[in-house]
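Chain naming follows the written order as A, B, C, D and E, and within any one chain the residues start at number 1.
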Amino acid sequence: MKISRQTIMLLILAAAFFALVKGLQFAGVLNAYWQLVLDQALVTVIGALGLSLIYGFTGQFSLGHAAFYGLGAYTAGAIDIVYGNGNIIFFFVSILAGAALAGLVALLIGLPILRLRSDYLGIATLGFGIIVKVGMDNANKLIPVLGGATGMSGTPQTAHFDLIFILVLIIILLVRNFVFSTYGRACTSIREDEIAADIMGIDTTRFKVLAFVLGCSLAGLAGGIYAHRYPFLHPASFDFLKSFDFLLIVVLGGLGSMTGTIVTAIGWGFLMEVLRAVLGENFIDWRGVIYALILIVAIILRPQGLFSGKELGLLLPRPLQTGQGKERSHAGTGS
Amino acid sequence: MILEVKELEVYYGAIRALQGISFQVNEGEIVTLIGANGAGKSTTMRTVSGLLQPRKGEVVFQGRRINRIPAHKIVRLGISHVPEGRQIFPNLTVTENLLMGAYTRRDRAGIKQSLEEVMDRFPRLRERAKQLAGTLSGGEQQMVAMGRGLMSKPKLLILDEPSMGLSPLLVEEIFNIIKTINLQGTTILLVEQNAFMALQVAHQAYVLETGRIVLSGPAREVQANPQIRSAYLGEVQMVS
Amino acid sequence: MPVLEVKNLSKNFGGLKAVNNFQLTMEEGEIVGLIGPNGAGKTTVFNLITGIYFPSAGTINFLGEQINGLPPFRICQKGIARTFQNIRLFKENTVLDNVRTVFHPRIKYGLLDALFRTPRFNAEEERVNREAMEFLAALNLADRSAHKASGLPYGDQRRLEIARSLACRPKLLILDEPAAGMNPNEVSRMVDLVRMIKEKFQLTILLIEHQMGMVMNLCERLVVMDFGQIIASGTPDEIRNNQMVLEAYLGKGATVA
Amino acid sequence: GQKAGQQGASGEKVIKIGFVAPLTGDVKTFGESAKKGFNLALEQAGNKAGDYTIQPVIVDDRNDATEAVNVATKLINENKVSAIVGSLTSLTTIPISELANSNKVVEISGTATSPKVTVENGKRKDYIFRACFIDPTQGTVGAKFALNKLHAKTAAILYDQGNDYTIGLAKNFEDAFTKGGGKVLFKGTYAKTDVDFSAVLTNIAQMKPDILYLPDYYQKVSLIGKQARDKGIKATFMGGDGWDSSDLDYKTMDGGYFTAHYSGQDPRPEVQKWVKDFKAKYNSEPDSFATLTYDATNLLLNAIKTANSSDPTKIKDALQATKGFSAVSGSDISFDQDGNPIKPVTILQVKDGKYKFISIMK
Amino acid sequence: MEQIINGLQLGFMYALIALGYTMVYGVVQLINFAHGDVFMVGAFVGYFGFAVWGLPLPLAIVNAMVICAILGMVIEKIAYRPLRYAPKIAALISALGVSLFLEYFSSLKFVFGPDYRVVPRPIHEVHWHILGIPITNIQVMVIVVVLVMLLLLQLLIYRTRIGMAMRTVAVDHNAARLMGVNVDNTISLTFAIGSAFAALGGVLYAIAYPQIQPFMGIMPGLKAFTAAVLGGIGIIPGAVIGALIMGQVETLTAAFISSQLRDAIAFAILILVLLIRPTGILGRSQTEKV
């Protein structure tokens, strides 16, 4: 199997980033607190890439992403508490189980509701998120370990930067490979014009569901990792406001751009904590206000998002041999 | 002279769609702009009616410079623009669409009378008076757009490809209407792909190529120009 | 066996009979023109054939198989492709991707091949790229392959729609007013183009068009609709002289064509 | 907290204490009250405990579990505090306690009442303490009071399904009430964001219970109480320490009883001084969030003084060994083996726009 | 029976907010997430009016409506207008930002402050029994206001010039301009009216559920929006129908099943309705003409 130049460059960039983080750790600049912030941001990257598949690439407006994030977190956390207890194998088993469950639920809910269009789909998924939240609040009545409204504590804290980083890298590569394949093209064609895609032979239902299931699985996976990095899971962490966070990231990054999603997820993850540091104790009330203003200003300055449909060269597929010189076309948008 | 366009330059972002266009429309005339796809015909029309702002040049209507006036006010001055691509209101009924055309008018009785006239002109619209315009066929929608344009009783009527997608019978009818309206005193600025028909009804003609006027003159002369014949009138017309 | 066989097709919208008892049989290699006044129901017939609407009554057989009731993408996969009266490209995607997208049903790699970029994936993608470029080249769009579809001039967009539908590898191609908004000169080039692709890709073609220059030149047979019903059919010459068609559709100007 | 207790610039000994509370978001009011209690305690101690000068680090958790973990990590790893006061709600205090305990940093919360704060799966988190009694205590005492003093036979309970504080109180009240021979006719829930309770209240009205137990914070119970009276419910209202605020709707809740940590009318000098000082500084009555956080801070300062060290392990031991500490919310405080203070429960009644002291119960 | 009345009261409350929501959506196709927060501002200004400044109730209401109308126009101008020709989602994100801004800004001390405030009843509550049904004057007031609002909105949109203008702006700004419609003013006015209605809703809500705080708009806003979608978003009577259904479902669930499940069941019903009618109860089917 040939590995494309892009992939190699991407791996080199990743290695450089990894080395940088390690260096900062070693130098003591990156203490456990900022490390936690970084880890959380990386976890968010995975979940946000999931929504990027669903909304950014396939055009299916979902306001319920956090529900799947939560499903993954609870599933992974519970499995590891009950069976695993901090074993690295159970880390993987449980996060995959979390992803799988989120995917399965996405399949069951997606089949009926993905027939809805735009805002109606948004509100239906929002509603689904609220239903899941109510379920989480009451989950302890069926499965006591889930803790219900009082939250679930004691999940093994197996995840750490190295592990999370490798997982993120793998996910980025897989998502890129998906997007730049016939599957990705089918998905973007649905985003652009569902009727035309249908008439041009694309089984739109199948691809909408596929993107939804994959995207929600990624949310579930991210949730599973979160459960292994934060010792306490509470339904309030997975409510509709969290879904909005994912949406913000994907939109501010630019729809149909993985690069944008990744960069924004990390930036957004740091924003709140940087604001905390900058404002200090006395102006902390202004944090919410400034956060809101940054959001408004950012979207007004860049309504198409940071990278709208563009990718860093490294995230593009191998250039085509079309005989037309440099061909950089890809599933996102044209140059 | 009712309309004068001077040295108009219009951009879409960095793209210069019009590269300095000048032309005049005399009161009572039909003036046609012809040109290939993307030549800039619609851009010119949109600039005249105020939807686009020129970067350079000016638009003078009845002696008044109007290219800084917003579109909705230009309507009141007596310019009615029937846009390309039937921008009818799909969620309004046919009648409501037509009444929208008289939005700037206040004379209830007059509006009612105009409505009747339009319905008479397009009997199909009377049949469909209560149907939502969005479910009409392409040609029916074009009739709504034309009818709507007439409802404001404009001094200058701008028609952007009124015959597009219409059956031959209707094309003929549309051109008859154009002639009639003109005879009743309305000045008309007409953009057409169907150069053949357009040149037949027009008094003056301008030929646009990539944002520039390359030829102008009385319609008859333009029609007779051999280059125009081969470039715009095509050989197809001659086949049978 | 006829390529297309439409029997007693009807479609009602509320009280409106948009298509009423429509019949059509097409043999392989034919070009048939569907004409008629605005609102006659022509596009609706296309929408019924391609599965966008369910017929209120009647059957549609394609290559001997009943296709009405199938979802649009299945109908396309069986071999019917179309263009749209109002252009519907995948606007934000590149010209090349517009074409590559429709290769999907015939692509021979699976999800796992794609995710892990197996040799099979690479080989198949190379084939898709090559063939897609051939379609673009055939329609004179090759040098635009990396542009956004929405950035193309109108005429190019029309041709891209055709390229895209050809990439579906249809037996039957349905064109809804391909020459709308074109000047006579451009129309005549469109006539040549349709002839060319018909030969090159061995198509059967059903065409709606108001530009008589195009229809009369291209079609061997015409079907004329009015009020949802067929009012006449025959060769271009027969139609040109049919009194009913003259009154309902062509008008006196018909002499021009 | 390894390197905690550095020498200050001028050579004096410094100890860092973190304070976590919801200073933004929808329960920001609670956090602000608590912060006043914390600051007043430090001020009165002259910012000193034993030989140590106190350096407070105040952070906000927005009442969000994820944020709580972030700020706790920050306090422990970046600010390197020896001890943390806070947070307020169990929702954020539980995750903080997990981190504090595993990093061997002392934590004492004034108000987090869930048992899970100090004990997880039967295992005591050694470094974690609190200044309030836990939900079981309060609920049980409330039920006993209803049965024995009010001679109630039947009760209805209405609580917030999403708040473990109200869940805990409701459950323990129910258990004790039933065990003592009373009958719980109805147990219903609502969500934090609900404002219309007419459906359940209509049902309750038909049952005519003696007691309506409303174990939520003052804002919510005021709203429910109002609608309950509108529906013609005559039952006596009862609740917990969440009622203790000058912002309670006294008129609506008139006649209701609640379990509290102390009474502002208690003539004990600690109480009177506290109320006076608080009024002098902030020009308002202290509520229970302020009071308990004040007590928690003082308990911690006392332990630091006793240990005379900034080593969290020594502070923890000193805290656990606290004896006879006189706080506002109890005169003779020590900790049980779960880190909970041993102190009596006060019963107050809302009467004529004031809280009336009724009794003290064990 | 009494539960049905309870449900009606809640339903009319939702309708109060849903009407403004749906009207704005109908014209600009924007899910104006800030609507619930304008509603909150309305409640506060109304409260200040009659409880602090001592204005008579009608004046306090008018005052709140005027201030919120201005607020609505300002929000539109600053946060939405620059995004008018950007993708729809951009304005939605901006709306989220505005919503957060109003919430956090309002809870600053020098604005409304974070406290929960008890709202004194500006009017005496009177209990009536009409045909054996217990009802209060406040409930009657809410019902009357909703019905009047509904009627006014319907008249405005279908019977007036400005209504016609709104309906054309809803589809195509350029085409509307060519008819002589001032698009900017029309949209401003739409926001002004929508926000004034939100303020009216806010004041009545604060009277009916007498407690206000800066985050009070989130849930009612969400529920009202859901109600609007249920009825068919953008369709005025749909908002009322949707709201009444939501009110009934929530109340009946709370009364007879479990109040724990009330939101879950309300949203489950929303999803079911959408599956049967993908554009809501009164929504026109969206079959696009190809």
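Criterion: contacts are C-beta pairs under 8 Å (C-beta built on N, C-alpha and C of every residue); 3 or more make two chains touch, one makes a residue touch a chain.
Just so we're on the same page, UniProt names per chain: A = ABC transporter; B = ABC transporter ATP-binding protein; E = ABC transporter permease.
Computed from a predicted model, the values in this text were never measured in an experiment.
J.: Going only through chains that touch each other, what is the minimum step count from chain C to chain D?
T.: Minimum number of steps from chain C to chain D: 2.
J.: Minimal path length between chain A and chain C through chains that touch?
T.: The least step count works out to 1.
J.: Does A-E or C-E have more contacting C-beta pairs?
T.: Comparing A-E with C-E, the pair joined by more C-beta contacts is A-E.
J.: Return the chain whose centre of C-alpha atoms lies at maximal distance from the corresponding centre of chain A.
T.: So the farthest one, by centre of C-alpha atoms, is B.
J.: Measuring centre to centre with CA averages, how many angstrom lie between chain B and chain E?
T.: Distance between chain centres, rounded to whole Å: 42 Å.
J.: With chain centres defined as C-alpha means, what is the inter-centre distance between chain D and chain E in Å?
T.: 37
J.: I'd like to verify one number: the distance from the centre of chain B to the centre of chain D, where each centre is the average of its C-alpha atoms, in whole angstrom.
T.: Using C-alpha averages as centres, the distance is 76 Å.
J.: Provide the list of chain B residues touching at least two other chains, using ranges where the numbers run on.
T.: 135
J.: For chain C, jot down the residues that touch at least 2 other chains.
T.: Expected reply: 43, 52, 84-86, 88.
J.: Name the residues of chain D that each touch 2 or more other chains.
T.: Expected reply: 24-25, 28, 161.
J.: Could you run through all the chain pairs that touch each other?
T.: So, checking each combination of chains, I get A-C, A-D, A-E, B-C, B-E, C-E, D-E as the touching pairs.
J.: Help me check something: in the complex, which residues belonging to chain B touch chain E?
T.: For chain B paired with chain E, touching residues are 49-51, 70-73, 75-76, 80-81, 83, 87-92, 96, 99-101, 103-104, 134-135, 148, 152.
J.: Spell out the part of chain E that touches chain A in their complex, as residue ranges.
T.: 29, 31, 78-79, 82-83, 86-87, 89-90, 93-94, 96-101, 103-105, 107-109, 222, 225-226, 229, 233, 260-261, 263-264, 267-268, 270-271, 274-275, 278-280, 286, 288, 290
J.: Could you please specify the touching residues of chain E with respect to chain C in the complex?
T.: So the residues of chain E touching chain C come out as 290.
J.: Mind listing the chain A positions that touch chain E in their complex?
T.: 61, 112-113, 115-117, 119-120, 122-124, 126-128, 130-131, 134-135, 137-138, 195, 240, 244, 247-248, 251-252, 255, 285-289, 291-293, 295-296, 299-300, 303-304
J.: Within the complex, which stretch of chain C touches chain B?
T.: Interface residues on chain C, with respect to chain B: 13, 35-40, 43, 85-86, 153-155, 177, 180-188, 191, 210, 212-214, 216-217, 248-254, 256-257.
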